[in-house]
Amino acid sequence: METRREKGLKTLGVLTESDGTGILKRLKEFPALAHGVVDFAYGEVLSRDVIDPKMRQLLTVTSLASQGMLTPQLKVHFKGALNVGAKPEDLIEVIYITMIYAGMPKALNAAAVLQEVFREKNINIEVDLDAAED
Amino acid sequence: METRREKGLKTLGVLTESDGTGILKRLKEFPALAHGVVDFAYGEVLSRDVIDPKMRQLLTVTSLASQGMLTPQLKVHFKGALNVGAKPEDLIEVIYITMIYAGMPKALNAAAVLQEVFREKNINIEVDLDAAED
Amino acid sequence: METRREKGLKTLGVLTESDGTGILKRLKEFPALAHGVVDFAYGEVLSRDVIDPKMRQLLTVTSLASQGMLTPQLKVHFKGALNVGAKPEDLIEVIYITMIYAGMPKALNAAAVLQEVFREKNINIEVDLDAAED
Amino acid sequence: METRREKGLKTLGVLTESDGTGILKRLKEFPALAHGVVDFAYGEVLSRDVIDPKMRQLLTVTSLASQGMLTPQLKVHFKGALNVGAKPEDLIEVIYITMIYAGMPKALNAAAVLQEVFREKNINIEVDLDAAED
Amino acid sequence: METRREKGLKTLGVLTESDGTGILKRLKEFPALAHGVVDFAYGEVLSRDVIDPKMRQLLTVTSLASQGMLTPQLKVHFKGALNVGAKPEDLIEVIYITMIYAGMPKALNAAAVLQEVFREKNINIEVDLDAAED
Amino acid sequence: METRREKGLKTLGVLTESDGTGILKRLKEFPALAHGVVDFAYGEVLSRDVIDPKMRQLLTVTSLASQGMLTPQLKVHFKGALNVGAKPEDLIEVIYITMIYAGMPKALNAAAVLQEVFREKNINIEVDLDAAED
């Protein structure tokens, strides 16, 4: 039977296209935080299967974007969302939800983070700017 | 062709099991806010069909719960989510995402709002408390 | 020459239509907070005359509404704004600024507080709802 | 050897002058949240002994007061702080830290919660109001 | 008659000393956000004339500074405020309102952004530091 | 008798290993903010002796970390905490309190700031990563 640690690393690894252990090294001075993130959050809560990983990532980026200053996490989780099957269009909708419910500045800042992710992933969004016009 | 106002009222009406016009009366001193909510938010942005209404509502309640103090809106949108097909289990997952990404107090407060909604809607969640234990 | 305390009580008194000492009694267990509010905030900072009291109050309610959960203070300062010459129309604009820059839920919550103030002050806003329509 | 659940209930019980199981019943629809609060937060993280329970509670109420809208949790934890040996004077200092670092409105709101706790606990603070004066 | 787009671009253009279209290009993947900012926010809400552009900008920077992490927007709108007639002294007062109502750290961060704007605009504030002393 | 300014500069100086006047020069365009920080915050409120400087700094960093975006202040005050006798272990506990009460992303961001401080101060934390494992 998998331990929480194993489940956590697997779940994290899928999101980050790695073996998931990077965060353990990065948080070596903070073992209870590493434990919280890997074993509790990813190993116990987020590895359950009530909602699928794609939906879970869309909820995650919405939470991060709405709080408005969590740039490093937002970048990781936008990428993670694409890595588990979210389409760029889904992530763009998250920006719009943020605009309505958390205000335009937070939406603009999240959009800038998403554009960076699109660039790193070579994702090109074809848009018809006139479609949005009056 | 539908105007933005008509589309907005229809989208809002589905969420609130009404004709959607309640907010216009409630906001009569604030016409540009009523306009923003009904015509822009619901009539232009949230009535698009890139994501389905259920997904949109799950993103919405995640945004509200993560900001942590938007109780009246959270109640409306938890109900709205149920009204467009979200299952109670989906909403419970939103509480868990909030716990991880916005902290336990915000999750506890959102859970209290959701419990009120469950009571008003006569929704009974059968749970096996021991399942959560060590 | 006026002490900070005297200046603070006078500035607060104008906002609250009182002699300003209510807060000293209300905060009797918290002398450094009472001191901070009355002597420092109102006696030293907010009693300066670079901007006029009406403008200062409009900035104050914008700050409070944008933080989103400061209902008791928002009520005091909406009233205070009216007491130093702001027009209801100015306060309605604050709601719209909040809508754009802090999101619709915070604007809706601030609008509800302002409506209470309008009721207590018997202020009736005549609006042409159709003006906002499509 | 104690399980996490047992440790968590014991730690929570000391704070709330109970057997700690109230939260399990109150959160019955949210087993992963109950698990997070009782088993992870109280059973694993907060029951460690690097800092003493009094200090931990003072940090906790500072976190809650600084986020500004977490009234129910703030009340529980102000009481919890007194139950593990914090003095009223320590909690009053938390209000002052909040005033400086999170602004006066959040400090005023936290002070109102603390006053309720003082009343419920029959704690009378003798203060010399003139001491704070100019 | 001007369309919302035309009005929005004109209002934005005055703030940014440009033709206002920069944001349309910058947000090309996010047409509904571009639409929200240009057509709804600037074309419908912020181009109304109940309050003058200078006052509107002062409210805007107060909202942004009080939320505490909206640095890119704060910079644009501090500049925009100067471009529509606000005096440096008005913006300095916004910092003080932020200090009182949102805490010293947010005020310090907004002050750092404003200092950058002063440098870019070659604005020199002559101050008498002793005036603030005890 | 010491003036507020003298007391403030002394208190600030201990935190920052300097004579404390740096902030006066850095804030020369904002005399009322410099006054608020030095004379009111450090000279009147934070130089009182109800709690000791180490405890006060631990409360301060908890407040800053929980608000989630106050990086420059967090860095100053993590250092200040070490300068008045806090142990690295105490600061690590602050990260854990932040994780529980304000969510994992804010804890991760505060941990990154603390790691920078540890590096600058040549502090090496020996940890047993397996201790945190399942």
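Of note:
Just so it is clear, A, B, C, D, E and F label the chains in written order, and each chain counts residues from 1 on its own.
Here is the rule we use: contacts are C-beta pairs under 8 Å (C-beta built on N, C-alpha and C of every residue); 3 or more make two chains touch, one makes a residue touch a chain.
Computed from a predicted structure; not experimentally measured.
If you take chain A and chain F together, the chains in touch with both are B, C, D, E. Relative to chain E, the most remote chain by averaged C-alpha coordinates is D. At the far end from chain A, in terms of centres built from Cα atoms, lies C. Taking the mean of the C-alpha atoms as each chain's centre, chain A and chain B sit 21 Å apart. Separating the centre of chain E from that of chain F, both taken as means of CA atoms, is a distance of 30 Å.
Here the spacing of chain B and chain E, counted between their Cα centres, is 31 Å. Shown for chain D are the residues in touch with two or more other chains, namely 32, 35-36, 41, 45, 64, 67-69, 73, 92, 96, 99-106. For chain E in complex with chain D, the residues that touch the partner chain are 100-106. Note for the complex: chain D touches chain C at residues 68-69, 88, 92, 95-96, 99, 103-109, 111-112, 114-115, 118, 125, 127-129, 131-134. Those residues of chain D that touch chain F in the complex are listed here as 41, 45-46, 50-51, 55-56, 58-60, 62-67, 73, 89-90, 92-94, 96-102. For chain A in complex with chain F, the touching residues are 3-5, 24, 27-37, 39, 41, 43, 64, 67-70, 72-73. The touching residues of chain B, when paired with chain E in their complex, are 32, 35-36, 40, 44-45, 48.
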